Amino acid sequence: MIGDVFSWLSDPTHWQSTNFDTGIWGQLGAHLRYSAIALVIALVIALPLGLWIGHTNKATWIVSAANAIRALPSVGLLVLLVVIIAPHFYGRTDTGYVIPTEIVLVLLAIPSILSNTVAGVQNVDRAVRDAAYGMGMTGPQVLFRVETPNALPLIFSGFRSATLQVIATATIASYVTLGGLGRFIYDGLAQQDYPQMISGGLLVAALALILDLLLALLQRYTVSRGITGRTRRSDRAGHSDEAPDPRSAVLTEDLAPEAA
Amino acid sequence: MIPLDAASSSPWHFWGYFLDHRSQDLGYLWDHTWLSVVPVVVGLLLALPLGWLSRRYNWVYPPMMSITGLLYTIPSIALFVLIPPLLGLDPLSPLQVPIALSVYSVALLVRVVADGLGAVSPETLQAATAIGFKPLGRFFRVELPIAVPVITAGLRVAIVANVSIVTVAGTIGFDNLGRLFDEGFKLSTDTPYYPPIILGIILCVLLALVLDGLVLLVNRLLTPWRRAVPT
Amino acid sequence: MIRFDQATKRYPDGTVAVDELDLEAPSGKITVLVGPSGCGKTTSLRMINRMIEPTSGTIWLDDTDTASMPAHELRRQIGYVIQHAGLFPHRTIVDNIATVPFLIGTDKRQARARAMELLERVGLDPAFAKRYPGQLSGGQQQRVGVARALAADPPVMLMDEPFSAVDPVVRDQLQDEFLRLQDELGKTIVFVTHDIDEAIKLGDQVAVLRVGGRLAQLAPPAELLSRPVDAFVAGFVGRDRGYRALGFTSAGTIVTRDEPTVTMGESLPGSDGSWLLAVDPSGAPQGWLHLADEPHGGVVEDRMLYRGGTLATQGGTLRGALDACLSSPSGRGIVVDDSGRLIGSTTAREVLALIEGLPDAAEVGA
Amino acid sequence: MRTKLVALAAAATALTMGLSGCGSDSSSNSGSSSKGGTISSQMIFGGPPEFKTRTDGIPGLEKNYGVTFGKYTVTDTGGPVTVNALKRGQVDAVDLFTTDPAIKANDFVILEDPKANFAAQNIVPIVSKDKATAGVKTVLNGIQAKLTDDGLGTLIGQVQNDKKDPADVAKGWLTENGLDTTGTGAKGVTLTVGSANFPENVILAEIYAGALTAQGATVKTKLNIGSREKYYPALKAGSLDLFPEYTGTILQYIDKTATATSSDDVYAALGKALPANLVALDQAEAQDSDAVVVTKETADKYKLKTIADLAKKN
């Protein structure tokens, strides 16, 4: 079986698109496109909102509400939105399926980013915030020059776990007939072509891992060394050198509302 | 005839739909419940020794966290289809779903257990040793109870996540509440057929709430000392 | 000059943190606000830079009503040091120090150069400049905190329990350096502490506040010790205030007698007395030897020393002189010069005679 | 709330459009010229994933009629997605089941299949030999005799469009055809009826179950079982006793090399291919086979009657 998967993946015709069929590169592009759009929209909504909530400590109920969205089954939501929205589109377009998919992916990404951003800002040491105001910083200066840089590790881990969830869930776009790497999984299943199905699974997992790695690198170069503890002479003990793990984000964001 | 049709397709007809298909829906609910719970229990049982090892031996911690972190990045549908070839199961084996979910639960809970155990203060550990607990006794009588609240938080995440992930297995033909979505989708011919979809969403959310509540309840029973403190 | 004029802070729930406070912190002096927790000392301090807005009353900064300008502009003219330093973890030490100059738009290079200067001024190695706060000890962070407050050369500094989170030895050191720095800079400083000893050590004047935010007494330290206005202040100032007041009175030049010594590492002389002072080759006292315990002809070693005695500095306070006598196992108080070399010894009786010879107990420290 | 979501989604779409359309399965139909300008080369075909690779799917259409489509869009297995895609112009030709009531409802045109690319798919009950008593056979064959294409289409319409419960629909049909008379013909037999998870198959299973129960059999149902890979082994192993099947597909499933296409040939071949413990009862007149379906406008525009017409030059 593993040999079959390998030969499926190493067949160049499976990578190239034809007029008739979309290959791995094409579906990879579609997968990335759906994911990127959802992540950008989620970021545009959740990041400013999270910074504002964290900074002002107002409307914290929004965080709880966003976390409640997690209990919604994404497949159910997708199907619901598809049956509502898809019939309104005519012609050679898959917009009627893209919109529901993007809504589901955005809703999926928002809670992680939002709650981690809020937690990140709120977790900034009181003394640090106090000092910032005491130095004569204005509210926005405190937010952007002090709170945001210090919240970056948590914001990043929120974004990383959102990315993982979105990449994983974008596969179910194929359940409602769209492209993306999920196509290989659902098609392989229907065609009883298990090497194709397993290859699809491997491709999605590999994509998730690679993106997470890239984000980890980005995080490494954007977050101040003073916060990561990645300093030449670290005098911290324990596991401070260990790279932040996306799963710690999953935890923190869910632990946060309980602690609140 | 037509008003009746409109009514039976309305989103509010989900209860009538449930009554009409009670045995099937209860079957889905039951499948969904055990698929959500059993893997978390299995995951916890595996995560306890692994988490303990990562605390007991410092060198175990970083690789353990990397591996479990890596497992958690694999999308669920990918894991469902990757499990059979890896374990030599039939591609349609019904075991792949609970196994995949157990893998996630372990991946999530190992860190939680390790962090929970790490949260026990050194003073408490020294005191326990001084009183005369042996390592195993100390683990079960002192460290584990103190780590319960942190582990509980992890269990809540795991179980709520499972309820949602199980529906994905419904799209590739496994019985659970996800099948209601499939059904609604298939019957949404000219106009949307809401009842099974809405019913599925409601049952999933209720199941998540109930299971979450159960974990909290068990947590309360296991940590009587926390009730004395106002939160 | 900072002046509180009927300044009051009342919270919506009715609690009064500061009640019609009238207080003046003179220019170039250190005014310490001290009192038990809940006395409103920190609230009072934070009302000056409007981290807390007064409910009523006015606070004047020289001739300016502090409420007359935007809070952040006011704050940029006032140095601010807080308990845990509150350094920005994401910025290097040098950039932390240059925070306010950056804010007011000073040229970056100039601001950093000034920050480097300040780093040395607060006694830190310039090598620290590129490090992050997380790499510094608590005491070092607090020095950076002081440097940051000084960066824009504000005439006024507010310090909120800046030294209370560090261990006693470091605290003592920081206090001494702070006083030295203030000698050079002559800032107008308002300093909050809950530690009356710190208040007495640092303050040019000390304001004791009572719970509910009322001023109990405002006086120079010595006066506070000798003439507490009421039972509350007396109780707060503490039981051994008479003894502590000696800390503000110079002992003058103490008449000493020569003290026989033995140098470390040399062999023990035959003895006629029971206690002998050991010194190092430079003449700095190391501790006392109890000759009766030691074999004749043995070599003086570290482990033989009794180190209980404190040292009095010639030209120091009466408190120091008396304590040297009282703490010495031989009963002879050791007096040293400024560089720590032995001058001679005195006794408690002789110091007491000096105290009794003072013109009037009430004028102690005046 | 909903308007907001839609607005938000509209923004998402705008972004989608802005970015390149690469990889989208149903985007524009570029590059049709390379296919030599046949009608089909300018068409997008919609169908289930397996139709792309099945021997009677795209490869069969090419082999038998020389028809190649410009692009393939995956929809669903003869379900609403396929119907809607055709109706709303997302695709031009689709794979649907002949019994689908949506064909009539939407005035769709089934293209004739003169070369029998699609094998006959007569409805046939597959039953365990040891449960196939004379009484059971009589009851089931009685049903088979009454199953017609039109009748089946009506039943599916009641489930799919009117959202009636398959059990009720089955009961109504039995009453209508006088097959719900109580009796003792199947008394003493205990069996489990299974079905796949699409409406028509569920209705058939309910019909079988209802009639057998009326005739005194003890019947359990296990409906909506997923794919054939799941239920066929159960049937073979005896945990299911009765299953409504389609002659062509079940034959193809058991014997991948089968070539029979006409109803009688397929039925005969199936009788030989079944394992010893299973037996096929009478096949019904009713068929539910795959068909290439287009809209009336398309058929008129290109004057399409048979699948072969798709291979004509435009």
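We just call them A, B, C and D in the order they show up, numbering each chain from 1.
Note that a contact is a pair of C-beta atoms (placed from the backbone, for glycine too) under 8 Å apart; a residue touches a chain by one contact, two chains touch by 3 or more.
Being a predicted model, the structure only gives us computed values, none of them experimental.
Other chains, considered apart from chain A, cluster as B, D | C (clusters defined by touching). The chain closest to the protein's centre is A, with centres computed as averages of CA atoms. When every pair of chains is scored by its C-beta contact pairs, the maximum goes to A-B.
Chain A and chain D have Cα centroids separated by 39 Å. Between chain A and chain C, the centres computed from C-alpha atoms are 53 Å apart.
With centres taken as mean Cα positions, chain D sits 37 Å from chain B. Separating the centre of chain A from that of chain B, both taken as means of CA atoms, is a distance of 20 Å. Contacts with at least two other chains are made by residues 87, 176, 186, 189 of chain A. Residue positions 173, 182, 185, 188, 190, 193 of chain B are each in touch with at least two other chains. Taken as a graph of touching chains, this assembly has some other topology, since it is neither a line, a ring, a star nor fully connected.
The list of touching chain pairs reads A-B, A-C, A-D, B-D.
By the touch criterion given at the top, residues 61-62, 65-66, 68-70, 72-82, 85, 91, 107-108, 111-112, 115, 153-154, 156-157, 160-161, 163-164, 167-168, 170-173, 177-178, 180-182, 184-185, 188, 190-194, 197-198, 200-201, 204-205, 208-209 of chain B touch chain A in their complex. Residues of chain C touching chain A in their complex: 49, 51, 72-78, 80, 82-92, 99-100, 103, 131-135, 145, 148, 158. Contacts from chain A toward chain D in the complex involve residues 17, 19-22, 25-31, 33, 36-38, 40-41, 85-87, 89-96, 98-100, 102-103, 106, 174, 176-180, 183, 186-187, 189-193.
Residues of chain A that touch chain C in their complex: 125, 127-138, 141, 146, 149-150, 152, 223-227, 229, 231, 233-236. In the complex of the two chains, the chain D residues touching chain B come out as 76, 79-81, 83-84, 102, 105, 159-163, 165, 197-199, 223-224, 226-227, 229-230.
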